[in-house]
Every structure is written in structure tokens, then in C-alpha cells.
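Below, chain A partners chain B and then partners chain C, in two separate complexes.
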Partner chain A sequence: MSETTPVTRKAKRPATTGPRGVRWLLDAGFKYWALAPALAILALLTLYPAVQLIRMSFSSVGYAGGHIAWSPVGLANFTQILGDATAMVAFRNTLVFVAITVACETLLGLALALAVSESRRLSGFYRTVLMLPVLIPPIGIGAMWLMMYDFNYGFIDKVLSALHLTPQPWLATTRLAFPSILVVDIWHWTSFLFLIILAGLESLPQDINEAAQIDGASHFQRLWHVTLPLLRPTITVAAMLRTIFAFKIFDEIYLLTNGGPGDSTQVITPYIQQVFFIQGRMGYAAALAVVTALLITIFVIVYQRVDAALSGQG
Partner chain B sequence: MNQNHRTQAGPRFRRWGIALLLTAAVCGVASAQSQPPITILINTSPWLPSFKSLVSQYEKETGNKVNLNVVPFAAMIQKSLNAVSSKTSEYDILNLNEQWYSQFYSGGLVTPIKDIDPSYTLPKQVIEYAYADRWDPKVGASTKNGEVYGFPINGNIQLLFYRKDLFAKHNLQPPKTWADVEKDAKILNDPPNVYGFVTRTSPPNYNFQAWLHSYGGTIISLDQSTGTWSVNIDNAAAHQALDEWLKLTWSYSPPNYANMGQSDEISLMASGHLAMFIVASAAESNFTNPNTSSVVGKIGAAVTPGPTADARAPTSGIWVMGIPHNLPKAKQLAAAKFLEWAMTKPAELAYAKAGGVPVRQDVYEELAKDPKYGWWMQAVADSTPYIKAQVRIKETPQILSVIDRVLGQAVIKKMTADQALKQAATEIHQIMVKGGYKVAPLSSQ
Partner chain C sequence: MRRSLTPYGLLRTVLIVVAVIATLLPVLVTLVTSFKIPRSIIAGTWFSTPTLQNYAALFTGSGNFLRLTGNSLIASLGSTLIIIVVASLAAYSLTRFRWPRAWTVTVIALLLFVQMLPPIVFVGPFYLISRNLGIYDTPLALIMAYMVLNLPLAVFILRNFFADVPRELEDAAAVDGATRLGTFTRIVLPITTPGIAATGILTFIFAWNDFLFALSLTTTPRGMTIPVGVANFAQNYQILYGNLTASAIYAAVPAIVLVVFAQRYITKGLALGAVKG
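Coming up: the complex of A and B.
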């Protein structure tokens, strides 16, 4: 009996022999140096470019004598943003774009996920069809909708004409261009929200819902008081990811309007691309990118705070 | 013994000497003709097939290998800048747009041709498009006194394309003045079947410059005697030009006039829904292919109009090919040899016949007599004396983005023409001052 080792007790690792520092490295310090290669790669791939971007945003960077020349300019690039009418319009349009698309896509994604999860028949078919838009590259989406919106040959205006309605220049008036782009984005990205929310919905424990049903809760009461609170973390993460992507919209706007007519659909990422590559103002473009990253960070923090507050931790 | 040694060694040395001389001679001939393989970065465009044909011809004639790296237009500048920023460029020749090349010339990112092949001079028949091939570092602009930094490879200039059949039906002549354009557009305008005239508004700067230059205006100008730059975009000529351009934009275009790109204009014309428009000469290939055009044989080309028949101003929108600074000498020389060959008359003739836009005056004049090419090449030959340059300083893209923005605002009536030009002048003046140029104060200051 005395020879039996209790199974719940941790087996003690033989202590490493040798000097104290070496022992620490091999025992307690093992976790640190085991992580070191991964951290080094992460630093190289993430931290270094980020630091360079920030450094660039405080510099004037240009080509001279066949080389890239950097010279520090302090906060000049950042103060210049305030006087740049296009940048201000681009930031404003981006914020409006993010707010509208993320709200609409989240609500539609949630509605579709609820509908498909309750669908008994053709559930697989609905999943496949609703997933399709997110599988198409944004450049393809842009090209497809560009043809559909075309005033002279587009499908949408042909349908309107057939219905004896007036064809519209969808992408060529300040009144219609921005809403037309919102429609494309919502069509494209709702399926992303749908997929994530559906996955969350299907992983919810069914017993709580069943208990509520036994207690006499209606369908709406179960949705409002059981399903949605349980689904909240999933919805928050999905909306947060979509917000990050929406800030960086490029392909669709680049193809559909290129920021026009005038600057009515100008958003920040295509503007940064233009400033960086076409205008060659790399320092200023870096400052615009840093400000954009800060805005995204603020949104992410807000999401986390709201989520914490709703879950009673805030 | 010594004598014997000398007599035996003499012929042996002579034989070795002759063999070495022969080897050296053969190697010398080979180096003049055979060059290391080169790679050209080029964009997709209507003239790419003709450039491919030019390359094939060069390979056949010389046995030298040329690789093409073809990328979409939008990726060109990024790829080009990446190439010249690396230790060694992966491309031996870069295709540079007129609106970008100044960045490459001014930054020393491409090498002057005299540093590669000092004995070469550009043939006199090569059109220099108001010296787009040259760069003068002293003034920081393309001028007559500059060194050759790039070879013009696509001689795009603006032309007026019009429907010959519609003009004949209404007994009209190709317009020579803006008043003619307006009169003819009014007659031919029959929406939605045919629109009288469209302007390019997305982006608008290149199109607008045909009006601006024809009224004697410029965005900026340099007084070479004092080295002082002036910002002229808010002067009387610019106001007249913008008023006329906006009037034509609003009056005879389809309702989507505010977002009219070059491809939109071309498809309107190719599908028979447009009476006339101004576009770069390379667009001609869109109207001759029955697979893409319903108006084959019905399109004519003419010199761009002006306020009077003598004040025309087709603006150049050419492509030049430059040789990156970060290449081994042998590669630079191989690239130069290809481009020098491409400037010869036989090569240019073959290029033009394959559908390219040549850069030699004698080729235009010769092919103008051939009905297959003459329908548009005669117009180019006639345009040569009038060609005007775009802005050609390091800050060109920044200045043109200001022009694009304010014109866009004027088109959608968010700004009046006066406000747009005043705003443009203020911003361009700031850009010039910040760029370190000696700039005259604005007239309004």
C-alpha cells in the first residue's frame, strides 16, 4: 500500500542539475525561450513594419539621387491632415460608410442566420447560396456591379426602362453614388456576418431554450431573452471584425466611382494609395494610415467596452 | 640553341597571337550584336499587342531575348517604384506614364541615356512631345536643354474622333473651333440614341487641358530667364477654358456625365451612341475591330479644336520607357540597345502597322497615305505642330490631383468655375512653395 502513488498528485519532474542560472533557464525559463522564435517572427512581421510606418509618419520621405531619403518633420504631416479638404471628406465618408454598412450587415446577417437555423428543409442550399457573395473577390464584385449600374447598358436601368420607369445614373450623381456603393457592400459582406452568427447560433446550448419553452416562453421571448443574450459575444466579435474590414474598403469604390462624382464617395484607403503611390508623398500617406489605424483602434475599444458593459462586467 | 628556340617559339607565339586576336574579334562582334536578356515592365493597354509584335521583331532580327512582365495599369507605378527602390531592379526597362515620369527623372531613379551609351543621339524624326524625353535637373523640369532620360514609346496625343457618317448625313465638316463643336453637337444630339459630345470627367484633368492650352492657358509656367514659376490656373484663359468645357459637359452628354471615364466614352462611341469626343490617339484601335465596334469604317479623326482654327492644342499623354538606375552596366546597355532599335524607322513602321502608336513624324507622314492607317494618322501628323505638354515637374501628380478634385466639384456644381480655379491656384501655389520652387505670388495675393 505504501508503494502506491496517488493518481491526483502531479508527478514531480527531476530537478535539473547545474548552476542556478542554467537551472532556471531549463526549468522555469523554458516557457520564455520556447516562445522566443515565435515572438521574434511576430516582431519581424508585425512590429517592425508598424514601427517603420509610425517613423515614416513623422518624416518627409522621397526619392533623391536614386535612393529613398528620410528627413524628420515632427508633427507636420499630422497637422497637414487638418488642412487637407480631401482627407477630411474621406474620413467623414469612411465613418458614415462603416456605421451604415456594419449596422445593416449585422442586422441582416442575424436575421438570415436565425431564419436558416430554423429552416428544416433546404438548409444546406440556403447556406451555400448565402455564402456565395463573400467567396467572390472584391474586384470581381466591383466589376459585376459596375456593369449592372451602367447607365447606358446596365441591367438595372434596363429593368427600370422595361417597367416604364426613368433610368438613373446610379454612380454619377452625388445623390445616388454613395447609396449605390452601400448597396454593393451590404450585398457583398452580409454573408460574412451571416456565416459567423450562424456558427455561433448552432453552438448555443439548446437546453436553456428548451427549458424556456417548457416554462411557456413565446418564440419572440425566447429569442429576446435567451438566444440574443447568449449570442451577444459572437455578434460583437463579428461586427468588430467587419468594422475593421469596412474601414479598409478599397476595390469596390476604386472600380465603381474612384471617389467621384466630385469627392462624394471618396474614402480613406484609396486616398492613402493615391497619396503614397501616385503623388509620392510617403510621409503624409503614412500619417493618414496611422490616423486610420487609431480610429479603428478606438472602434475596437468601444466594442469591447460595450460588450463588457452589456455582460455586466463593465 | 637560343637561335633554334627562337625560331621554334616564334611561329608558336604567332599562332597563339593570331588565335587570341581572332577570339577577341569574334567576342567583339558578338558583344555588339548579342545582348543579355532583358525584362520590360509594361501595362495592359490597347497598344500592348503591337508592342509584343515589336519585341518579337527585335528578337527575330537580333537573337536577343526580351521578356515582358505585363501588369494592370493600376499596378504599374507601385511595381515601378518597388523596382527602383530595391538593391537591383528586377526590370531592365520601365514603361512610364506622362503623369508619373517626372518622379523617376527627378529622383534619379532612371539613368540618363548618355551615361549608358554616350555616342547615341535621338533621331531627328522622333517626336519629343514637348521634351517629355528630357529632364533638366537645374530647373527641375522637362525642357529643351535637358538630357534624354527616356525614350518615347507610345505617341499618344489627343485627337477629336467623330462619326463621319453622321457628319456627312447632316452635311457637316469636322469641327475646327469650340463654337463648331457646339453647333455640330446641337445638331447631332438625339438622346438616348446619339449624344452630341462628351467630356471625360473621371478623372478630368487630361481632357480639360485640351481646352486650357487652346485658350493659351497653362496650369503653371516657367520663366527660364529668371527661373521663376507662375501659377496660371486662375487667369482669364483658364476661366474661358473651364466655362467652355463645363458648357459642353453639361449640354450634350448622357445623364451620367459626372462619372464619365475614358472607357465609358469609348464604349459610347464604339456602340454608335456618340457623335464626337476628344480622347488619346491610342483609342483608335477600339473603332476598327468589328468584334468591339459597331461603327467600323464610320469614324474619322481630326486635330482637336480651339477657340480659333489656328489655336489648337492637342495635349500629349505619352508613355516613355526609362532604364532603372539600379542595374548592372551590361543590362543597362542591353536595354538601351533595344530602345535605340525601337526608334529606327523600320521598327516604328512595323510597330505602327501592328496597331501601335508610333513616335516618328516620317512614319506618320508615310502611313497617312495608306487608308488603313491614314484615317487617324493624318490627324496626328497634322497635330504635331500644335502639341502641348502637361505639367512636368516632380510634383505633377499632386498638382493634377488638385485639378481633378476642383474640376470634379465644378462638374457636380458643388463649386462655381471661379471658386474651383481660385481654389486650385491657391493649393498649387502652396505645393510649389513647399517644393522649394521660386514662385511668383498669385495675382490675387
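Coming up: the complex of A and C.
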């Protein structure tokens, strides 16, 4: 406390004796300069890059003689997308991927959260284990599943051979690669939905459920008529967030299949990364990124409208 | 009286046990593989005498993981420190001071929008910016990327914690003549340490785990981080499973440590940042 005393004395003096001092201004303007660094970061590192990205999407950008050269091309990058079969496959795969993984993960996460919240023994242990996948580096998850799926040394095929079943090249055929990726993603992200829904479950008021129990409602009735309706806002927000995250999938696909075989596991982020860095077509990659951003924005707006309409009815 | 003999109880137990086994299996297979000599990985021996040679190879000879660990630490800790300072000041200013409603809504909407966009959107512009600034292939480029990646989440988590601080404490400090900054650092921050911890842990983990920016903004061990090192073991014609699994386990160490020791903060942070954001 001794160090605060002189500060107090100095702070009072300008207010009583004369013009307002620098210290007073600093203090009065606290809320402005406290917010300023965050706004500066947002402006310099998100708004400026966003403008750059949009400019790039209307230009041809590439290396020419050791430096990066820009030339305007109008809408050429965007019209090119329509004729790009790989881009179309990537967009379609992404939508299928998002729909399947989010649905499976939400249902599994909900089931697990309900199960763990009701189990008295070992619930701390379950929680620890089930939250692990969401924190492990995704590239590490890719490495783990590369090992699991390997045709020669992998765990799954070794178990299959031990059981006298036919080992499968999980990542090397167009038929199996995409479902194999789905399994990895469900392994990875069910954990996230489990955690969020469990947190939501634990913050629900207990008295309604107890009242229903006293009134003789069965376990299933309480789940269906009390718990789930109360949990609905948590589930909708968690599923929306997960959908937004699902569009970002990159690490596991990069490591496991790199979009192949053929384009069977090609999705948006790895494709844009390839176009930008491997093919060096920066303007076209920017156009793809702009379209992706628009798609997600539209999705979020529609989702929120539908959710608002539905909860308005209920 | 209500034992787990009911069909529902049985279903519940089966579900949890299957989920726990399915979650642990890939981790355990990877862990066991990482302690095998390459010969027994290829031979497919289920168990062999454990060896640390795969781990040693990450750091000795041509192994560059010491360098990569340094870069990972600089990028993750650097961005986390900056974010904690910037986000806590911003979140405090937004929750505790009077702003025009339209202004607060705009700032929050902007943060939400940034969090919503897939990071690939920023990769191209960040590549050009880091080239122009001469920070391409250094941890500084990654600090820049991770600040943007994690700032929204940090502000959302911290807003919730600051909103719970009783106003009387700040009023009392003001009566005692403390400056607003003094009130913030000496009164508000100490009682919101759980919020700071939750924010710091999550921003650190997300930065540590990032692969997309590390792959795109670095090319050599000068700036590369651990995830890029892990991926490189899988790029050879013959996948180096010993190194790959050892490096994957090594990369997951912070996550495992934090799950064991700081579980409560992680759950709280995820729930607040996600649902209430």
C-alpha cells in the first residue's frame, strides 16, 4: 500500500490546483486506451488482410522474377471456380463431411454427456479421458491414425488378420478413404461436444427434474420432456460452433490422404492451401477463400434464423 | 436400490466403456509404437523391449526438435502473453465502462466474425504481410497469426469472468483514490485469476497445436514448429513410424499435462468461450 500513497496525492493535486494533468487524462481515458490495442490488432491483422484478400481475388498474383507481381483480372478467378472440377469436388466433400460429422458428433457427445453426468463412480476419470482428443495436436491425431490405418504395420489390419479377416487399404481406395477420414474426425471432435453439453447439463436447474420425478415421470419422460428442452440452446450453439470448426479441417487430411486417392477426400482448406503454395496461383486461391468465407457467413445467418424461428414456436 | 442393473443403466455403462476404450486405443497404440525399435514396428511384433531411441532421434543427429521446440514455445508463449494483456484490457473496458450500445455490438460482432472465418482465409494475406515485413520463416510471423486466431476467444472468456466481479469492490477502490488502471491490476485481476488461467491455457494449446499457419508461414527449422516436424516424418516415401509416433506423443505432452492438472480451467474456458460468446 505504501507505493499507492504518492500516486493518490499527485492525482489529487491537478484536480484542485489547476489544469487537468496528463495523469488525469490517462485515468479518465482508461476505457479508450484499454480497448485500443485490441482494435489496432483487429484493424491491422484482420480488416487489412481482408481487404488484401479481396484485392487478390480480383487479381492474378504470382512470382515474377523473384518478387510478387499483381495484375488485375476482374472476375476471371471467380468464373474459373465454376470450371474447376477439383474445386467443385472439394466444396461438395466439405458439405458432406460437415453434415455427417456434426450430426454424429452431436448425437454421440449428447449421449456421452448424459451418461457421464448420471454416473456417480469414476466420472472424473471418464471426463479426463473423453476430453483428451480435443486438446491433442490435430497433426498428432493424424499421425496416430496413420499408424492405426497402415496397410502393412497398422493396428486395425493386424487385428483383422489375427481374426482371419481381409485387411483393407483404408486410406488408399476411393471407397474407403472418405469414411476413414470421417472416423478420425468423429474420434477427434465428439470430445468437444461432450464437454460443452456436459457443462450445459451441469448448469441446469435440478428442481424441475426432481419435481418431475416426484410426480412419477419415468427416466425417459424426464429426459425427453425436461432435460432435452432445457438443454436445447446449449446443443444448438455447440452444433453451430462445431459446424464452423468443421469447415476448417486441414491437418488430419493433409497427413492421412492429402486429398487423395484421386480427389476422393479433397476438402476446401487443403485445396486452397495447395492452390496457393504448391501451384502458386495466389489470386485464384484468394477467390476460393472469399467464396468459402461467404458460404460460412450464409450458413451462420441461415442457421440463426432457423433456430430463432424454431425456438419462437416452442 | 437403483443399481446399474436396469436396462438403461446397462446401456449407459456400455456406452461409456466403449467410448473410453475407443478414445484411448489410438493413443496407446501410438505410445507403444513410439517405444519400439523400427525393426519390430515393421515385423509387427505386438510387444518388444522398450527403447527410447525414437525419442532420442528427435533431438540428436539430424533431429531438429530442440530448435522446433524453441520456436513452438516462442510462438505459443509470445502470442499468449500478448493476448492476455490485450484481451483482458479490452474485455474489461467493454464490460465495465459505458459504451454506446452500437459500438459494443460492432466490436463483438467483428470478433465473432473473425472467430467464425476459417483460418485459411488469413493464410494468403499473412504470407504476403510476413514477406513484406521480413518476418517470414520466423516465430514472429506465427505470433502475428496466433494473435488473430485466439484474440476473439480470449475476449469472450474474459468478458464472462469480469462480468461476475462485484462492482462494490471497484467502487471502494475508487473512493480510496485508486486510478482505474490500478483498480484493474490490483483489485480485478487478482480475483479473476481463474479466468486468466483458462484463457491462457486455451490460447497456449491452440497456438501450440496449430499446423496450418506453421506450414504456410515457415519453411526451414529457423521458423518451423513441432507440428511441422511431426508432419515431415510422414512425407517420406517410407513413413518413419518410430519417429512419427514419438514426435506425435512429444507434441501432445502439454495437452496431456494440462488435462491432468488444469482440467477445470479448460472445461470452464471452453464452455464460456463457446456457448456464452
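Just so it is clear, the second predicted complex is superposed on the first by the 269 of 314 C-alpha atoms of A that agree within 3 Å, B and C clash if a C-alpha of one lies under 4 Å from a C-alpha of the other, contacts with A are read in each partner's own complex, and residues count from 1 in each chain.
In this section, a contact is a pair of C-beta atoms (placed from the backbone, for glycine too) under 8 Å apart; a residue touches a chain by one contact, two chains touch by 3 or more.
Since we're looking at a predicted model, the values are computed, not measured.
Note on chain A: of its two partners chain C and chain B, the one contacting more of its residues is C. Looking at the shared chain after the overlay, A:Met56 reaches chain C, while chain B stays out of its contact range. In the superposition on chain A, no contact is made by A:Gln213 with either chain B or chain C. Looking at the shared chain after the overlay, A:Ile68 reaches both chain B and chain C.
In the superposed model, A:Phe277 makes contact with both chain B and chain C.
Of the two partner chains placed by superposition, only chain B is touched by A:Thr173; chain C is not. Of the two partner chains, chain C is the only one that A:Ile136 touches; chain B does not reach it. When the shared chain is aligned, chain B comes close enough to touch A:Thr86, but chain C does not.
Applying the stated contact rule after C-alpha superposition, one finds that A:Ser117 touches neither chain B nor chain C. By the document's definition of touching, of the two partners only chain C reaches A:Asp27; chain B does not. Chain A uses residues 68, 152-153, 254, 277 to touch chain B in one structure and chain C in the other.
Interface of chain A with chain C (complex): residues 4, 7-8, 11-12, 23, 26-27, 30-32, 34-35, 37-39, 41-42, 45-46, 48-50, 52-53, 56, 68, 108, 111-112, 114-116, 118-119, 126-148, 150, 152-153, 155, 158, 187, 190-192, 195-196, 198-200, 219-220, 234, 237-238, 241, 244, 247-248, 250-251, 254-255, 268-269, 272-273, 276-277, 282, 285-286, 289-290, 292-293, 296-297, 300. Those residues of chain B whose C-beta lies close enough to touch chain A in the complex are 74, 77-78, 81, 84-85, 100, 103, 106-109, 192, 201-203, 254-261, 267-268, 271, 273, 325-326, 394, 397-398, 401, 405, 408-409, 411-412, 414.
Considering their complex, residues 62-68, 85-86, 151-153, 167-169, 171-174, 177, 254, 257-258, 260-264, 274, 277-281 of chain A touch chain B. Taken together, the chain C residues at the contact with chain A in this complex read 8, 12-13, 15-16, 19-20, 22-27, 29-30, 33, 41-42, 44, 85-87, 89-90, 92-94, 96-97, 99, 107, 110-111, 113-129, 131, 144, 147-148, 151, 155, 176-182, 184, 205, 208-209, 211-212, 215-216, 226-227, 230-231, 233-234, 239, 241, 244-245, 247-249, 251-252, 255-256, 258-260, 263, 266-268, 270-271, 274-275.
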